[in-house]
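The structure under discussion appears below in the form of structure tokens.
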Amino acid sequence: MTLAAGIDVGTGAVKTAIFRVGDGKEEWLSRATLRIRQRDPMELAREAFERTLEDAGLKEEDLDYIATTGEGESIPFHTGHFYSMTAHARGAQFLNPETRAVLDCGALHGRAIITDERGKVLKYKMTSQCASGSGQFLENIARYLGIAQDEIGKLSLQADDPEAVSSICAVLAETDVINMVSRGISAPNILKGIHLSMASRLARLLKSIGVGNSLVMVTGGLAKDEGLVAAMNEELAKIKGVDAKVISHPDSIYAGAIGAALWGAFRFDKLAASGQLLKAS
Amino acid sequence: MNTTAKASKAEVIKDASMLKQKEMMAKHYERLANAEANGEKVVSTFVPGNLNELLMCFDLVNNLPEVNAIQSGLRRQSGAYVMEAEKSGHSEDVCTYVKSDIGMMAKGNIGPNGKKLPNPDVLMLSYTGCFTFMKWFELLREQYKCETIFLQTPYMADGRITPNMIQYMVKQFKEDVIPKLEAVSGVKFDIDRLREYLRKSAQAEEDLVYILQSSKRRPSPIDAYFGGIYYIGPIFGAFRGTDDAIDYYRFLRQEVDQRIAAGLGPVTPDGQMGEEKYRLVVEGPPNYTNFRQFWKMFYEEGAVVVASSYTKVGGTYDFGFRHDPDRPLESLAEYCLGVYTNRSLPMRIEMLVNYINEYEADGLLINSIKSCNSFSAGQLLIMREVEKRTGKPAAFIETDLVDPRYFSAANVKNRLESYFQMVEQKRGGAGKGVAA
Amino acid sequence: MKTFVGIDLGSTTTKAVLLDEKTQVLGRGITNSRSNYDTACRVASQEAVIDARFTLFRRELGSGDGDSGQIEEFLGALERAFRLEQFLEQLNDLERTCLEQVRGERFARLGDGVREAITEVFRQLREEAPALFAPGATRKSDFFRDIAGSRYLTIAETVARDAGLPYDLLLNVYDKSIIAVENRPPSGQLSDKFHAALKRVTREDTGMNETFREAVERALGIELEETYLVGTGYGRVTLPFSKEHIRSEILCHGLGAHMMYPGTRTVLDIGGQDTKGIQVDENGIVENFQMNDRCAAGCGRYLGYIADEMNMGLHELGPLAMKSGKPARINSTCTVFAGAELRDRLALGEKREDILAGLHRAIILRAMSIISRSGGITDQFTFTGGVAKNEAAVRELKKLVVENYGEVTINIDPDSIYTGALGAAEFARRAAEGRMEGVEA
Amino acid sequence: MSTPQTSEIVARCQALYEDLNFTAAREWKEAEPGRKVIGFMPIYIPREIIHAAGMLPLGILGGGDQLEVIHGDAYYQSYICRIPRSTIELGVSGRLDFVDGMLFPSICDVIRNLSGMWKVMFPGVYSKYFDVPQNYEDEVGGRFYVNEMAEFRRDLEEMAGRKITDDDLRRSIGLYNRNRRLIRELYALRARTPWKAPAAEVYLVVRAGLVLPVEEHSALLEQYIAAAEAEDRPIRDNCRIVLTGMFCEQPPLNLIKSLELAGCYIVDDDLLLVTRWLIDDVPLDGDPLHNLSQAFLHQSESTAAKYEPDQEEKGKFLVRAVKRTGAEGVIFAAPSFCDPALLDRPMLQNVLTRANIPFIAFKYAENSGQMQPIREQAGTFADSIKLWSAA
């Protein structure tokens, strides 16, 4: 039996997960998530990690491998680091084994990943420079509109005449939105407009890496946003030669942490088998 | 179309040239659509440095991807095409003309008449004034796997055409371009046929120059940018060297003469333009996705464009160049070398300065196109220099040719209004003396 | 008396200036721009009127033979009292709105807990309010949204924890309500509030005497007639005015800067979303201008994101950056990624003040490019817009101006944020005089 | 003199790299009266002709990530790449005031237009747009190119006040042949044992050649190769990649370092192409200009800057590079807003896909500061090659 923890330090939140792996089983013991709000992410990572240990009834020295991902490279107590797309691909695979593509929508970047049945990253692409299609932007707008995170999706689904956000820049788009409000456009239509513009960017990413007709799992902070998922499906349906379906999972936000933990266990076993035993921390 | 202005006499005659152009375009697209059925071979080529007369010598039908992109822009389809190209892996950063074309191919290559455009039998890559052309046709070649003929036009970097340049181009014609065109088309090259076409070109060119220079008058009878774009269509496209082009420019010249006689200004999509308040020289291509809206921002404020550089991309005729039947290949070379975007930056500055002076303009407006490095890189220096040399103010706006995402109406309008108000204020201020 | 109003509807703030017939500034008002331009204009104008009243008080009091120190002390007390009245009024409105919010179905299942928590938050807010307006107190900002907001968030965090409620919930109630409150046009009679403030001052016994009261009453009696109004600014296209009441912000900034410093030849304005370089002639007439392109990198909003990220007030950024000895080299001024860059660098162990100083330098570098585009700097150079309030930005600017253009006079007015509105007010005055100089109606 | 360590050599090169005032070139010029320096931009210039005139060819590759660009930005819209603006900044700020001439090779519209801008902005300086043929027939493009070079030679003769003899040219060609040979050797060394010659070091060492006289640079290359071979360095569990697509604006050094940190050994690249443009020795006998022209037409590197007349050959050079160096993948890194590089990329990617070679792609600017996204992408690429190659 191998015990491994995954710590995913994002720009929006820290996510942790602990797994017990062995005998062909992958057992998810505990989890935690903490929003990063004006606090040192490294401190938060420690805090989330402690909570996860406590919930699993474990101590740090029980663990065989502590894997970080995301921006967790500099966490002092890790055993190894996996890059975030590596981790998300594996995490999504765990959440739904049918997954062949992953769309990681975080606070600043969107990442599209094509995987195989083992969670191997075959191809991927990230959104570039400009941030108008980012989670951060959506969050800002929602705050401006006075809408809570978990309401965004539901409201967006009610849109009847989405208003396109034209600006390429998040700052200018903010003004666009302010103009919309003053023109009396309803919140659902505004949100849906933003969702569609984000979705269209993400769909382009997916298409450009050859998504074909895979099942696409959304992971990351925005996975909970059913409005975005719906918009994604609409945008993908518009693309010729693509017959992909986008789904989410209640635990999608943990995909990075899950993937890191599972790869950690995998790596530990592999190294153990070759006689190079590792010691956590 | 606004129908209220249709009643005036000028309108009716105006329609003669417009109808002629419409009919020419429709016929051409029809010919393209039926090329395969009719056993005609199709050549794709570019506007700047296009060799229409030469291509006609081989009975090739001329298809211009740039013009298709413009059409897609005007029809508001380019946005989707550009996105399509980006979906298939093209960068957001690069020229949207290319992406519009590639997206259009991916979406079935439907022309403006709703019929499928034919696959080219040959790509005539006249690489004039823009490096992007090279990549564009490499991409098309990858798709169509057809013969690609390459014609390099050296850049007029030092403001002059050297014998080495002419020699290089003529050599390319003789040793590469013509033999390959003969092979593709199965038609033997006949230099006398070329001479005849060139003669016709020169005739139409004469009228075009007359029309474009009519804007030196006050009020200007034409808008040399928004209107000018329609006027250059036939001669920059598939009609140079044809009788159709001769007729079209004759009609147009008559219409312009009538407007001059009546003391009228340009006709806009909303009818006869009101008082001419500002005279501008414009540098840079227009925006096609919001063409009407863009134009309206000018004529609403009483601004008329009296000269533009964009109407020189398919050939610079106003400095005296004409296609010359007596020196056929040399004159084709000179034509390619002389197009606006193949002129060095100092030459462009000089040209714009002269336009401002000769056409008595209030200033320079630069429409900087995100897509087009050939035009845009260096425009801010052009602006500075033209201001310095003419003492007239310049304004700078940014849009794109066919990518609607880069047209921000509020932004453009804000700058234009500020600019017009500034010109106005300066005029008022100049006579006022020192204020409080 | 006749007044001429200029309103500058900026992307971040809306400013109003009231001029009298002698081109003297009577009052200035500012508020944050919001979704409802109409309201923003009304609030800013009202603020300018309030400020104008204080000018009139000062004029009335000054015409008597009072001791000037005493007068200033009194006016200071009166102003604080007035602001406190205003604050409490808005606070009450906010509380009502918040309580209405939680009647919605979303909160039904949480029962009375939420209502109690909110009441508790507001109780504490009210309790500490007088201290916020005590003599010498510094506030995070002058806008209700900012003052109330930051205190609400702090208090709500503790209250939520104690009550076992999710903090995000209280946050959301606030977000929803503040919009409603902000977008309600100002109501109630100003004179009532002045009287209430007077009463408060009387109670506090700040050496007010009957002459003072009479002077104030006299000043309140003067009618302020809005003779002509001109609007300008980013929201110009959507301004609630007709075309003859609108001027381009470029012209207004040029003219405004000229009025403040008649020797001005170059103006730099850094606002929330745009940076402008303007060249004017000896009459304040614009000769040339350049603005940032469509990318809003390096404008004032950038500082806003940074301030949010650090949970600091905008006016605290400058002083912190001034402490840096070794500014970090920052190349990207993308507003949206500013926060990420900040975190990145903090994680690498760079000091907050060094990063901040680097960010300020980056903004100014961009502004320098825009000035360079518009034709460089000639004597005198005037810096306007909200960012001119930021000392760290000013320091970098001064350094770079000297390095690139030599010793030129650099003007920065404490009221530089009102430059556009001032120019607009002057256009209004000229328009009313029939001097439609330079601009066609 | 004892053989220096790699660290000493690299430190010297790094200092040259960071010196935005080109002190080394200034010193060279001042050392003897009448010396002249000719600056050139990427991508290819026959440096031999400049050298034969007794002048120093000086590579001007933009301002990197340390130059504060103020005036340069005033001349360019935000959607144009960085290199022209930082180059203008170098000019306007007086950092190039010792340069007697500037060459703008034919590579794209941006550099092409910059040649005209230079004429307007710095009227006292010799400036030339250096047009190269895209037609590779000896009699057509070859003839044109020889004539262009002859014109350039005449210009330089005028500046130098003396003739450039064929023997001068031959001697210079010989020196540059040796320099190119050494660089090829260095690249081969790195491809064999990438841990011995980290990409950032190789870059710095080669880049020094753009500011040093060729004789001096060749000696430096020799020293570095010897030192690198001799030094023991730990081998890391990295994958091997070919880095391509950057042919003009150079990435910041941090980007190159980040790639190796994220687990990718760079075993081939197209950085600083001018130093390796000609892939074989240029013959010394016969007419030197003709030989240079022949080498250009028939023995030169394939890049996005060139038209590939043969559709079949398009992109094959990359596949060959991967095979030659035993690479496991390709990383495309292109300057943001670089039309030629970015338009070329999909075609090259199609070739790689057909050849079953994995690749990733991203953009950068010479002053990119945020390496996090790049590390992440390269790291994932390395992860995917490493984790699963065994699984």
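Lettered A, B, C and D in written order, each chain numbered from 1.
Assume a residue touches a chain if its C-beta (ideal position, glycine included) is under 8 Å from a C-beta of that chain, and two chains touch if they have at least 3 such contacts.
This is a predicted model, so every value here is computed, not measured.
*Asks:* Of the pairs B-D and A-B, which shows more C-beta pairs in contact?
*Replies:* Result: the pair with more contacts is B-D.
*Asks:* What is the distance, in whole Å, between the centres of chain B and chain D, each centre taken as the mean of its C-alpha atoms?
*Replies:* 36
*Asks:* Approximately how many whole Å separate the CA-defined centres of chain B and chain C?
*Replies:* 48
*Asks:* How big is the gap, in whole Å, between where the Cα atoms of chain A centre and where those of chain C centre?
*Replies:* So the centroids are 39 Å from each other.
*Asks:* Of all residues in chain D, which are in touch with two or more distinct other chains?
*Replies:* As it turns out, chain D has residues touching two or more other chains at 74-75, 77, 336, 363, 372.
*Asks:* Check each residue of chain A and list the ones that touch at least two other chains.
*Replies:* 71, 128-129, 168, 172
*Asks:* For chain B, which residues are shared contacts with two or more other chains?
*Replies:* 88-89, 380, 398, 406, 408
*Asks:* Name the graph shape formed by the protein chains and their touching pairs; answer line, ring, star, complete or other.
*Replies:* Its topology is that of a complete graph.
*Asks:* If we count contacts the way the header does, which residues on chain C are in touch with chain A in the complex?
*Replies:* Touching chain A from chain C are residues 11, 33-37, 106, 168-169, 172, 175-179, 234, 238, 273, 294-296, 299, 301, 309-311, 334-337, 339-340, 343, 347.
*Asks:* Taking the complex as given, what residues does chain A use to touch chain C?
*Replies:* The contact residues of chain A facing chain C are 11, 38, 41-42, 71, 74, 108, 129-132, 134, 136-137, 143-149, 151, 168-172, 175, 178-179, 181-182.
*Asks:* Enumerate the contact residues on chain D facing chain A in the complex.
*Replies:* Of all residues in chain D, those touching chain A are 262, 336, 358, 360-363, 372-373, 375-377, 379-380, 382-384, 387-388, 390-391.
*Asks:* Touching residues of chain D toward chain C in the complex: what are they?
*Replies:* Residues of chain D touching chain C: 65-66, 68-75, 77-78, 367-370, 372.
*Asks:* In the complex formed with chain B, which residues of chain D make contact?
*Replies:* 74-77, 79-80, 84, 106-110, 112-117, 119-121, 128-129, 131, 133-135, 137, 139-141, 143-144, 147-148, 151, 304, 307-309, 311, 314, 334, 336-340, 342-347, 349-350, 363
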